[in-house]
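Presented sequentially are two complexes of subunit A, the first with subunit B as partner and the second with subunit C.
Moving on to the complex of A and B:
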């Protein structure tokens, strides 16, 4: 008899998991709270480090999941989640009862709500935007200020909501540095006359080809990298943004007028993930993401037998790592089901 | 500027403010700087709002200036503050109402410390008992005096004789609000509107007809900053801070500045005079300075109190340009007649009327 796995979350990890499970002959119910799958991928234009169009990745994932073994339930959330005698019974918001042999949680992440860093004025000053807002601009091809004019000087703030005790996030979101470098390069491509400044604490370019992109940003595109944290932003009478930052390499405070300020919003445990953690009694770590059963040998395993994790619901990851983590989760599930549990 | 965003922040930072029966503690320095302000506050509270406000004659400094000036150790400070609480407890009051921003910040900090480290509170209780024989209860409510005026801003507005409106143009006066650093920068959740976009003075100004200016150096220190001023060698830094603010606010053409801290009006007022003497610069319109007020003075003016009863003659930057813009009646010839005492201070014993 065919096994049935419920996958919670239809982002990159959930789609990859569902696709790989179905390839292995396992029936899948894929639950997505939004009206369409893809998660944050839908909001991104080009991906680092090679600036591939995100649509290509989405097309690959859609291709994986278009098969008869996968039942896609969009606009669906989970209201009840119980384990009984090795099986899981799940109740959706529409009252649908699902029974599963195993569950994969792939609830992803939420972008840090940048308005929480009040000193940067997101939602208050017209031309303070987030990395996600800028991606939307890249998609439309119009990089403009609130009054419709083209920005000349643009600042990018790293670590917004990451490595920040004040907001309760000690961890590094890992991808904001490379996103900032990618977006800085793209800004210079779109607006060759513009000046772009990145304000960083440390440049954490740990992925393949990240360092190369960082070098290109400096050498080819003339992006200025200033080591120091922006302390506050305010608006001048000319509607420009005045930022204060400490240039820690020059060893002095700095004030700068900008047309636009882009906040590199970090990654946080998703609200959906928190709900599932509560319903299912799943452990979370100090960083509020799901806690893996073992950091080295069991990063896909949870504290409950038969429940597995995939992707950024456990920690910040890029798409490559997310897909690898999802595939690893599939291996764990197949192994678990093979034992006849 | 997206006002909706600001309002969302304001909504996030609300606080409970007692409705009546306050134990008022004066500032060490305000009666020297702007002597009419605390008197006006008591008159407004008692006579306009019919509130019970009690003062204890044995109340002392909270040591805030010494604490922030690195002179008084924290344990001493906590014991002195514990004594203030003991006086309040003995008087039968539970709602502590400091006039001073630094006192408010210090009381907040100490209560928070005791909350997280109960063993410290226990030690301080023991020290107070040993030194004075007194015991105390933790205040049920702690609000700064500007919080209370904010709470009753509509009631004051309803009684207003004047609005913060230019009588010639009908336009709202442009007002710079300057919040004392110790109001919310240490504990944003204890200030109305938080630390980044405080609403406590903005709410008063909006209610009384004025318009707040959001200028780039809004958050910058006034120049008091304790060590900047108390250490004589640092005073150049103090005036530089004030100048930074004036330069930043000038393009917005403010009509006046409102403050809620003992030091801020002093420094923003006096340093304008000094900068003019040193560099011949003035930051107001028509070659004038920008008048600086305490919130009690502004409330008093709105209620129609005589400017000289409010002590506006003690300001070094003349207040008359604002009085004239609003159309407030006053007798210029009485400005420096020091034998004219405020009518209400003759009538009442100011302590515990």
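Moving on to the complex of A and C:
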């Protein structure tokens, strides 16, 4: 009899897991809370470091999951999650009962809600937007201010909701730096007349080809990188944004008028993930992400036998890492099911 | 019988404590400032004296406030204090009536039964004996609770009880031994002579059936005397010093003496008046939300008395003032904590001499390197004249929705005002004060005062309770200082602003510095009640919670702050309100990150409810200057 695995979350990790499991002959139920799969990938236009269109990655994942062994349940959430003699019984919001031999949690991340950093004025000042809002503008090809005019000076704030004790997030979201560099370059491409300033604490360019992109942003595109955290933003009479920031390299406070401010929202444990953690009794860490059973050789394992993690529900990761982590989860599941459980 | 050697320990103890208390009072009086000495003298011959007697009876003996907060704990304190008082009073009367002589030495009353073993044969004598037994039984019932509390504090309805030092334990044991040893001594004596009432008589008769009562009585009289003597001698260096000290505290308070900014007699009297009852422990959010259990006010008082280094304790506090509200003795705990914070830098250093029985004060004037200002870089700005000044405060600049709402309200009301820190102002000074840096704070205060004075304004409105408190208390200004909730209340009352009713369920969180700190409880609630459906919470007014974001605590970790915020937010949003309303930018910021409920300042809710022309926000000064011109 073939085994049945429930995958919770239809983002990059969940789709990769489902595709790989079905290839191995395992029946999969893929649960997605939204009406379509793809997760955050749907909201991003181009991906770092090579700026390929996100649609290409989506097409790859869709190709993987076009498979009759995968039952896709969209608009579905989980209401009950029980373990009974090595089997899992899961009840969905529509009252459907699923029985599984193993469960993979791939609930991903939520973007930090930037309105929580009220000092940056997101939701208060029209021309303060987030990295996700900017991607939406890139996709439509129209980068404009609220009044329809084209921005001249644009500021990018790094670490919004990351490495910030005051919002309770100590950790580094790791992708915002390179996202900022990518978006700065794109802004300069779209708006050759514009001036772009990045306000950073540290530039964390620890990925393949990140450093190269950072260098390109400075040398080719003339993006200015200012080391210092923006303390607050306010609006002036002429509808510009006045920001206060300390230039820590020059050692002096700085006031700057900008047309647009882009907030690099960090990554947080998703609300859906927190719900699953509560329902299933899964351990979470101090950063609120799921806690893996072992940091080195058990990053897919949870504290409950038969429940595995894939992707950014355990820590911030880029797409490359997410796909690798998802495949590793599949290996763990196959190994687990083979033991006759 | 006139005398027996067993009374010696008691006599030594009694005369020691009497001499000690007199000496100590003289030192305290000497250390008072001249005006305070006058206050005390005037109080002694005035109404303060009568008031104090009443308060001493109600609080030091009956323990009315503890009874109100916690009946069992109050009963425990009352039976020991009031019971002992009655025992001494009626014992003295007994000795006076039934002895050959009047005005007997105190030991005659205390050990009456020993010297008059045959007493109690006539009906009047036995009725009096019944009364004495009743009082003893009353004390013993309280003692039973006290012993039980030590073992298991929940018995008296407390989550936590204070931890003791060794010397406290010895004093506690001797206190506990006093009444049982009296009971047994009297019972054996009564058993031997066939006298005594329902308690001593029956117990004595029963004991005499199988024990040699005559021989057994004597050692217990010794034990009774030794317990009393030990207790009296240890009293000055233990928490039981609160018994005599509280009398001074009550009298000083009624005479109008205030704590002030520096350590002095009154703060010392307050420190010694703390009985370590532990009520402050249960009121402290650091305790019940964050599990920090060693910094509460009772421990601070104890550390000061023991001359321990208190800076760690003094700074690990939200300064929310919840314990001030709950303290049954009425000690100004937060103010004493502030004195300790200031003391880090300069001021008074108490030295323990004679093993804790006396302290001498040494004043160290810390050498300030040079007299120059730290804030020379501040630039003066001229804002011109205006009747009303609006000072948003730094925190409101970090929560721009609040300042924008205030601009909207101010513009709608058509008053003439000036937004003085629109381009960013100078700090009000309170964060520095909370850190104990008064000198630096004073520089900022002077800077801001000049600016306010130059404007010629009569009213200063601020959005931040932290600023409000310092403007009210530490600025010497000839302007009326209002928190924006008070100002909005006035605008509503005189019809300057019109508002729609918002059909929203709102719960109000009273910020510490506005509510407990400045006594502004009603206006915020009245404004909210006017525009929305205001619901009550379990934590109102004096009992309101701290959001956990307090600037005052420089020791606590952000994780612990978050625990406090989470607990407080959960309590307030229990009935699923649409909005968790507050009147402080810091509370707003703190709560927003821990609850899914919408958190809003009252000004935002009012701005939302405003009727009429919607003015584009953020261009306040522009519109205002046009209005000002039009008025001319």
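Remarks
Here, the second predicted complex is superposed on the first by the 341 of 341 C-alpha atoms of A that agree within 3 Å, B and C clash if a C-alpha of one lies under 4 Å from a C-alpha of the other, contacts with A are read in each partner's own complex, and residues count from 1 in each chain.
Here is the rule we go by: a residue touches a chain if its C-beta (ideal position, glycine included) is under 8 Å from a C-beta of that chain, and two chains touch if they have at least 3 such contacts.
Quick caveat: nothing in here was measured; it's all calculated off a predicted structure.
Look at subunit A after the overlay: subunit B and subunit C clash there.
Once the two complexes are laid over each other on the shared chain, residue contacts for A:235 go to subunit B and to subunit C alike.
Once the two complexes are overlaid on the shared chain, A:281 sits clear of subunit B and of subunit C alike. Shared-chain residue A:206: touches no atom of subunit B or subunit C.
In the superposition on chain A, contact of A:63 is made with neither subunit B nor subunit C. By the document's definition of touching, neither partner reaches A:222: not subunit B, not subunit C.
Judged by the touch definition given at the top, the superposed model places A:126 against subunit B, while subunit C stays out of reach. In the superposition on chain A, no contact is made by A:298 with either subunit B or subunit C.
In the superposed pair of complexes, A:165 makes contact with subunit C only, with no contact to subunit B. In the three-chain superposition, subunit B clashes with subunit C only at 297-305, the remaining stretches of 297-305, 351-359, 531-539 or 567-575 being clear. Across the two superposed structures, the residue set of subunit A contacted by subunit B and also by subunit C is 118-119, 121, 124-125, 232, 234-235, 237. Those residues of subunit A lying in contact with subunit B across their complex are 115, 118-119, 121-126, 232, 234-237, 242. Contact residues of subunit A toward subunit C in the complex are 116, 118-119, 121, 124-125, 165-168, 231-235, 237, 244, 286. By the touch criterion stated above, subunit B contacts subunit A in their complex at residues 1-2, 4-6, 8-9, 194-197, 214-219, 251-252. Contact residues of subunit C toward subunit A in the complex are 397-401, 404, 424, 558-559, 562, 588-589, 592-593, 618-619, 621-622.
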